[in-house]
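Following are the structures in question.
Below, chain A partners chain B and then partners chain C, in two separate complexes.
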Partner chain A sequence: MNPLILTIILMTVFLGTMIVMASSHWLMIWIGFEMNLLAIIPILMKKYSPRAMEASTKYFLTQATASMLLMMAIIINLMHSGQWTITKVFNPTASIIMTLALAMKLGLTPFHFWVPEVTQGISLTSGLILLTWQKLAPMSILYQISPSINLNILLTMAVLSILVGGWGGLNQTQLRKIMAYSSIAHMGWMTAILVYNPTLTMLNMLIYIMMTLTMFMLFIHSSSTTTLSLSHTWNKAPLITTLILITLLSMGGLPPLSGFMPKWMIIQELTKNSSIILPTLMAIMALLNLYFYTRLTYSTSLTMFPSTNNMKMKWQFETKQITLLPPLIIASSLLLPLTPMLSILD
Partner chain B sequence: MMTYIVFILSVIFVIGFVGFSSKPSPIYGGLVLIVSGGVGCGIIMNFGGSFLGLMVFLIYLGGMLVVFGYTTAMATEQYPEVWVSNATVMGVFLLGLLMEVMLVLYVLKSEEVGVVFKFSSVGHWAIYDIGNSGVFSEEIMGVAALYSYGAWVVVVTGWSLLVGVLVILEVTRGD
Partner chain C sequence: MLKIIIPTIMLMPLTWLSKKNMIWINTTTYSLLISLISLSLLNQPNNNSLNFSLMFFSDPLSAPLLVLTTWLLPLMLMASQHHLSKEPLIRKKLYITMLAMLQTFLIMTFTATELISFYILFEATLVPTLIIITRWGKQTERLNAGLYFLFYTLVGSLPLLVALISIQNLTGSLNFLLIQYWNQALPDSWSNIFLWLACMMAFMVKMPLYGLHLWLPKAHVEAPIAGSMVLAAILLKLGGYGMLRITMMLNPQTNFMAYPFLMLSLWGMIMTSSICLRQTDLKSLIAYSSVSHMALVIVAVLIQTPWSYMGATALMIAHGLTSSMLFCLANSNYERTHSRTMILARGLQTLLPLMAAWWLLASLTNLALPPSINLIGELFVVMSSFSWSNITIILMGANITITALYSLYMLITTQRGKYTHHINSIKPSFTRENALMALHMTPLLLLSLNPKIILGFTY
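Presenting the complex of A and B:
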């Protein structure tokens, strides 16, 4: 793509999310969402294959439907409250429709069907932007309307998302689909705690973005999109193999890595609010996630996966420069001792 | 009939939308959009927004739809699909019409309609008072406010339009 056009489009993606996060008028928020959607379409279509076109079309259709639902909720809110300011949404109908619209944007169950297909059809870098940056805007709106969200709907969607994210990822060998299902499950964890303590949603978002950024950058470094090609990284860059192990285990939520921090805090906050069965179920379903992460580590770092002999003696080309990889890796594995600092997110 | 003119116009509006959502060839979709645009202009004018209705005609119908019509005419096939040529298209169109007719009968027969939100059937559409704050019409003041206090909105929408053009050019450029 022409560098000037690419700069303008990336700036508009950034501007769209910033407008959503910084506006106090519902119409501006809707405009921000639409700007974000419009500008990310050419980024998703960078590859110009029919697969990428189909993925971008699916993404556009689902996000546009969600924006329409959001607009309807905004207008119902206007009808009943007479003003356009972002506060908690007092009318239950408007609140429910808004929650469903934002869940469609995030990819929560039962609106999760677009996430694996869209993530699979696009390149790794576009998938990175899709799964990290695009989650910021809807989550910020959910944070702002969190006092008025219907608890039953949100918790149902959250628990089902964790289940679908874990269960759906079990049969996947394509790395982008694995990351998509991981994103669905993490969104489920984030929205489960939203009504009780929104600060933890932001904490989980932060840690999730760092871990997903790390994972995607490690995949980009080794140019691998399947489990099979990931299993050849021991030959290309053994250090990357070790880092993949650590980051995957962190994503699975194992202590003493930083992925444990959000899960621990969320379970603690849920039990403080006298729900015992729910966090137990959530923790058990997170095991499904852990299973396919450890299966990836098994084939990548822990064993030498069966391959033909010419895969075992690769040419050593110049390694790619990946932006910010060392700080990201540190952040996604060693942040657990900093848990008391989460009070700064309030 | 004049008290219920907004209701009638909005029914024609919805039927128009059903007409192009049933996906005939785009040239017929454009034809229906002209009708819907004109009727939408009528609805806005009934609420006192004469300036905005005129904007719909001039910019939407006279600018955007004309360009759309020309480009579709260049790209159309020899026998474009009409509503009655394809069983699927006709079926969807009739289904949409049927649902609209049922909704209209529901609104006309019952005192109060509570589908997603409650409104008092046809009475709600009758215009008894335009939104006038005394001397100035509210709608012209809104447009004036857009260019004074709401300058940021003009910047954002202008930027969105520019990026929209760039995105469309980028998407249709191909390899």
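Presenting the complex of A and C:
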């Protein structure tokens, strides 16, 4: 793509999200979402193919529906409260419709069906933007209306997302679908704690974004989109296999890596609010996630996966640039000792 | 405690910066020095614990386990030298780094005061062990073994996290030093029954309890020698140590909640000992014998009498040294014949007589011969379980008999008789191997002169 056009489009995506996060007028928020949606469609279609077109169409349809639902909720809120300011949404109907609309944007169950298919149809870099940057805007709105969200709906969606994210990823070998299901599960964790302590939602979002960025960077480096091609990494760059191991185990939530921190904090907050069965169930369902991450590490780092002989001396035409990988690796694996610093967020 | 932890962390830069011909020497020497430092902790003057800081302490229960952990690292390094000799340098360094990382986490686990810190480090020991089993094991079954190991332990311990946090809500702090004095009886309710279960299941899986023991034969058999040694000697004892610490908070539910687990342990120790008699795989035999000995520890911890606690602690230390030594002996067989089948390496006494002496000593301590500390542990457990209920003497006596049976079966099959005709040329015992066995046996025999240091905090 022409670099100038690409810059303009990326800036529009950025601006859309910024408008959503910084506005206090509901109409501006809706405008921000639409701007974001329209600008990201060319990004999703960067490598033109019928599959990419299908993925962009699916993305556009679901996100547009969600924006329309959001508009309806805004109008109902306007009708009942007479103002456009984004605050606690007092009308329960408007609040429920808004929650469902934002869940559709994020990819929570039962609106999760678009996530694996869209992520699979696009290139790795576009998938990266889809799974990290696009989650910021809806999550910021959820954060702002969190005092008024119906707890039952949100918790049901969260727990079902964790279950679907874990179960759905079990049969996958395509890396982008694995990352999509992992995103569904992590969104579930984030929204489960939203009503009790929204700060932890932001913490979980931050750590999730860092880990997903790391994973995608490592995939881009080895240009691999399937488990099989990832398993050739030990031939080309053995150090990458160690980094993949550490990041995957961190995503699975194993102590002492930093992926354990959001899970631990969320379980702590939920238990302090006297729900004991829920965090136990969530924690055990997160083990499904860990299973397919571990399976991925088995084929990549922990075994020397069988490959044909000419894989060992593979031509490497250009060194891929992986932006910011060292700090991302540190952030996605070693942040656990910094947990007491969370007290500054109060 | 930092005087032990920081040198152990520093073992990792030591391996990466050593020259090719010095890595084994450097790491083994420095880890031996670290174990000498930890010996000073065995001096526990009064009935209290030695508190070094708010985060680390050492207690008559954790000090012997700590000394065992630090003693075992040089032994693991010595045992691994042969099977790693053909690997590239970076992989050797990675292996030693994994062992040092595991050692750090283990030391911090045994000395942690805050129970959540104990939990995090308890889980953290899983990652290096998984990497050691899966990356450096030899058969294809190791993948399955790693998965079983990881998931059995995690499913057991995630409820423990929730339980610890809810206890923290109830009592305000999980610092172990405080809880000893604040301890109150748990009220009788359904949710407290689940709390008891959530707290104990993690350690039951780790011990392992008879019904949940499937991960152990897989993991022990597929792990390389250092992995087997650390699994058998220390990681199982993490479960015992955790149980000993946490049962303090769980009264009076333990009085009735313990019954199913006591039944499972009593039955399980007979079952697993009997399975040992039918094993063809040498490492599998030693793994099942570990399950059997640990079942005794579970019985001792759940009975909660002063004598049984003494027996549990002594048995943990004794079994750690004995089991690790048996794995080293099995490994010396494996390195020569590349097979774990017992009958393929028979009659070794005629070929390797000094190793036969070590086999004899290891088997004798495994069957709890007086005056070894294995006997002290088992005897205390048998006596306290007899006082708890007279009928258990039948099962305990049967277990001691069957333990003797399979230990002697293992000894006679591998050592006595005519050697096989296909052992044409096996290398004689290396000095390294003899030193390894001596370093296992010497603490075991010396401790029988002064067993009070391993008898724990109820002495």
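The criterion applied here is as follows: the second predicted complex is superposed on the first by the 337 of 346 C-alpha atoms of A that agree within 3 Å, B and C clash if a C-alpha of one lies under 4 Å from a C-alpha of the other, contacts with A are read in each partner's own complex, and residues count from 1 in each chain.
Operating definition for what follows: contacts are C-beta pairs under 8 Å (C-beta built on N, C-alpha and C of every residue); 3 or more make two chains touch, one makes a residue touch a chain.
Everything numeric in this text was worked out from a predicted model, so none of it was measured.
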Next item on the list: Could you tell me if A:T319 is touching chain B, chain C, both of them or neither one (first, second, both, neither)?
Entry: neither
Next item on the list: Could you say whether A:L249 touches chain B, chain C, both of them, or neither, answering first, second, both or neither?
Entry: second
Next item on the list: Could you say whether A:S24 touches chain B, chain C, both of them, or neither, answering first, second, both or neither?
Entry: neither
Next item on the list: Look at A:T7 in the shared chain and tell me whether it touches chain B only, chain C only, both, or neither; answer first, second, both or neither.
Entry: neither
Next item on the list: With the two complexes superposed on chain A, say which partner A:P279 touches: chain B (first), chain C (second), both, or neither.
Entry: second
Check: Given the touch rule stated above, what does A:T87 touch, chain B (first), chain C (second), both, or neither?
Finding: neither
Margin query: One more residue to check, A:M35. First (chain B), second (chain C), both or neither?
Written below: first
Checklist line | Contact footprint of chain A on chain C as seen in their complex | finding: 105, 119-121, 123-124, 126-127, 131, 134-135, 143, 146-147, 150-151, 154-155, 158-159, 161-162, 165-166, 169, 191, 194, 198
Notebook entry, point to check: Can you name the residues of chain A that touch chain B in the complex?
Noted result: 1, 5, 8-9, 12, 15, 19, 28, 31, 34-35, 38-39, 41-42, 45, 48, 72, 76, 79-80, 93
Item checked: Residue ranges of chain B in contact with chain A within the complex -> 116-117, 153, 156-157, 159-160, 163-164, 166-167, 170-171, 174-175
Item checked: Contact set on chain A toward chain C in their complex -> 245, 249, 254-257, 260, 264, 267-268, 271-272, 276, 279-280, 283-284, 287, 290-291, 294, 298, 301-303, 336
